[in-house]
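So that you can tell them apart, the chains are marked A, B, C, D, E and F in the order they are listed, and the count of residues begins at 1 in each.
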């Protein structure tokens, strides 16, 4: 995943980059999509029974598995009335020859932190409803994202899969009996979803834009940016995620395209998952 | 410690391997032993006064030091009435040019886990007697194995040395005074030993078997397997511990040889340590 | 920072070493100092407002930043009536091309441990006054040293900067209300300083000594030693910190020079910081 | 976790908790070539146990000082997702995962013609998505197929399965709960055509006779797995290439 | 830490807690060439935010297998001292520091002529001595100057600043407390002469219009930072070299 | 651990807890060549302090970019078993072990003819089996013998011992309890024939005179250690090779 500006790239990448750009000038792409068209999305939920929530999402050939495990824990000191979640992401070496085994590198960490920001700043979860005893006992959600197959753009399907896993996640129910937190056997509750933030990755080549780059395109881009929006089209997270320049004047188009395409992803999400 | 099948090995190893095999066909070995004869075993216990138990064991030139430190701790949630032990093994870089400094690699981890399984599945320790307050306070035994000198087969002397250290290990005695665990000054108890599982490593070259390979033999083997048995000759742990094929039909001989030779090791163990 | 004995060094270092030695024979040094003259010391305290104490110290071009953060914690089991401090040191890669990013290597660890010994054995802090509830709650001081610019001898300015940060460090005041430790809002106390141990690094080339080596000299030395003394000129810590030989007979001169020069550093310290 | 009492694992009719008889395999699903970006891949589902394997290589060994002049290095990582188990698994490699990576790698080394790729490396990644017993054997079964899918020359395929002892009975393919409350668990990997053992571990207590009985049950189960492997390859590549 | 209630961040006169108006920058101090032993260095102080940057290289890439045949590698480490924040930061790199190292490095890669130094490495170190909001943008501003001070050829300088949204108002250069209690924080890095964005992140919620308004405010702030950068270079090198 | 009161370390007759006088060494046992697979090894027992040392090399430096063109690298690891101390030592290297590895290595570098083995590496491993005071000096004494046993050319042997100050008296070879409750601990390593210091540390408080007195006592103790080293070598190699 090398995103260097044109001049630094090796010859073959330069050729490819020129081809991608020429196609874009004609409104075309190497895989027959139109510039602002994202790849086919499939969403399967509850694929891992041992997880409290899970979703396998593919966007073209990029495939992401998210699972959620729930535990009881203590809230953060400055947010005693809120449940806690944490996001981790692993770029599994199964998924690409460019991923190495070992603890998450900067790319895995960036992915996890961007998804975390989407969920947190997009107010996706009603965290106050995940508090059992204020200041003492809350639900802790571990949202773990695994990239299984990587054909470019792991950001958008990761957000989808994290949100789909959350929206279908069930939590064991607890009640407070004589100051003690006790499991209500057999009862489960849903994670209270407030909103479904979703993202779109946009690639830039010179003055042209394209969305949801596949791997071959990704290597040809000048740079790229991830835009995350909530259901009211507020911008809730942004990450320029590769080297290179974005002409200032392109930002307006970027935001408009993001709004338009995210609403299409949202429609698909809602159809499959039921919320959105 | 490279255990690759014959074809992949370098020329010298191939020559050595052929020599070992020819000798085996005549019932001989490179160090004058007969095929099913293990090397001379020496066992010294209480060699480290600061440990609760310790044993220095040599099997030929392979030398293993095990020490045990005891602490108080909490039992596992699903075994509230049992004490806890953990096994660690370090292949010290003193012992061989093939051992590197640093945290245990896969060989050290395998050794520790195989010894752990011998002790655990061989029911070597009466863990219930290591419980002080059910669900709250139990003895925790740290069984730490160090390979000091490595001339092949660290498995069998490690099991011997762990068992010898356990069988001679003393624990400070505690009593429950007003709901509080208190040290009974000056009083010590022994670790309650229920059985003495012991292991035998068997090497395979084509259709021939040999036991307790020395380093030169180890490099010549097609593969090898560790068999661990309790005093009733039950199989309590097995580990095929190197690449290569074991013809299915050899398994019966392997088990029979293991039974026979382990009983000889057991006799020596009993003579020196007193149990077995 | 290679301190190998003369013969092993590359040619250029050998030339430099000879030059430094010849100058020393004439009572001179490469940067115009006399042999037992340390470089210009500057001390700025309270440079980081978010730290409880901080000091930026330069000794020539070597620049050290120490900051102290205070937390509440539990005392050590064998010292229930004493506060706790720990020293960490990082040789930041900003400071020198010979420093690598990552956790402290042996040089950083040595620096931290030598400064720790100076403070601890020099009885710099009245640790009993940092105890709030014996056996339960004490002040914990994290003294973190960062080498920002490295032109030789990070030991002496690190000791100065740690002591200056300590001497100007303020702690939030706590009182015991109904068995509970409570913050006395707005009140602060000072770290109780009992003594100001200070160090001097002395380089040895053959039969000659020099103090506070700059980087070019450091590379030319046969070896070097750090002497730390308290205000009564007791020796409270010593560290031979590089390979090479110190002729036994030089030790007397080394101690005498240390005593003399440390008292000069102490005078400067006292002038700026107010204690010493 | 509270102390739980051992459930009865085999009922009066000789049925197991999930209705199987002692020598029954769980439902088995195998897919070859399921991950697009790897050089070879496979997916194995055995009951609720779900495992992916992917292969990269042969490729240049990296860093170069690790290269072996007369053969390829085979690297293997057996890894579980954090949510694959009842209790959340910590991120990073546990000691168990390190050991299992070793025994799976050594089994694969027994059949790959490593000497055909001097100075090269072949990477095998096994990812356990859900662990309900038999993950290392399912992983080895999948890894062997992924190597075949990557076109890496092998003497023969490996098939693997675990046997166990529960309530005194030797059973095929124990599930997680049978493993947890049973008396023994024995994973076995074999080359089904030449009848050799390439992976063998035992964790638990068996008499000598039970041990032999277990090996024979494993051998029979492995033949079934092998048939499913061949069918999966046939589905992807057609009849002509099934004789791996 | 106890739950603290959000303070009013903008008063009835449109003044912020520290007296600034919404579009005011904090007091800015820039020094170039402040660390003697590095090849280039800079110090940026923005209010209480204090950041050093140092550059080493171009030098031989090490270990060699990491070298790239047709350009230099640019390494970047953004790091905070343990005492730079309100709560003591753990030693070692947090995930936040790893992410910020990446975005700062990628911004710098956009302007350095890496292809002029094949097989080489350039190391950039950003050290946050005190963190009171805007550390990554101050760090990028300093790093860009340190590269210039090291004489490394660049297309142009980078200047950076954060904007935020507090009490519904878009503000320039949020402090730590404004960041903590505000609705959004958006760090922006630009090439002030060619008007391109090289670093952009957003953490918080903004309408599309606020987002655009924020970008424009950042652009204006960046021009001020850029003037200060040029002055700092002029102070060190004299007037002739300011046109970087 | 509960707070324990300091015992009287020197009685009215000037005897120490274990009956020694202030300038007495504990019983010393030295064996050379005790580990078969290393290139050189030694074992030193000083009272209850028990230390092994082993040497591997000279061998090719690995990885190659660490090799030095005109001399060998000397690596040294001082390590303690987990059960060597009163409280269980954590697995892995503590900061103390890292520091002691450095000072032992630097002492050894002072006497080994590293320039005779360009591009090579010599590895020295010191393993503390039981720690009852003086482990670094016992380790250095053993390491020096292991280097000699490995046939690595050295200017001369190193012998080492600690001195301490307890109850106001300067003593030779403090035990663990004397170290814990004493006023100072000073490990000293010397080249006994040329009378130079190669290792020197002090932890504790001494007047200038006590410091000098301590050095002299160490020097005398080191001569005794040195005699024992020579005897141990003679036992292994015979009289002709003792003049190392």
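Assume a residue touches a chain if its C-beta (ideal position, glycine included) is under 8 Å from a C-beta of that chain, and two chains touch if they have at least 3 such contacts.
On a predicted model such as this, the values are computed, not experimentally measured, just so you know.
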Distance in touch steps, counted as few as possible, from subunit C out to subunit D: 2
Shared chain contacts [subunit A and subunit E, defined touch]: D
Contact-richer chain pair (by C-beta pairs counted) among B-D and E-F: B-D
Approximate Å spacing (C-alpha centroids) for the pair subunit B, subunit E: 57
Rounded Å distance between subunit C and subunit F, as computed from the means of their C-alpha atoms: 26
Mean-CA-position distance for subunit E and subunit C (Å): 32
Separation of mean Cα positions, subunit C and subunit B [Å, integer]: 48
Junction residues of subunit E - those touching two or more other chains: 63
Overlap residues in subunit A, where contacts from two or more other chains coincide: none
Pairs of chains, among all present, that meet the touch criterion: A-D, A-E, B-D, B-F, C-E, C-F, D-E, D-F, E-F
Complex contact set, residues of subunit D against subunit B: 1-4, 70-71, 95-96, 98-99, 101-103, 105-107, 109-110, 114-115, 184, 186, 190-191, 194-208, 211-212, 215, 219
Residue ranges of subunit E touching subunit F (in the complex, touch as defined): 62-64
Subunit F-facing residues of subunit B, complex: 47-52, 54, 61, 63, 65, 67-69, 71, 88, 90, 92-97, 101, 103, 142, 144, 146, 148-151, 215
Partner subunit D, residues of subunit B touching it in the complex: 3-5, 7-8, 10, 77-80, 106-107, 109-110, 112-113, 117, 121-123, 223, 225, 230, 233-249, 251-252, 255, 259
Contacting residues of subunit D [partner subunit F, same complex]: 63, 65
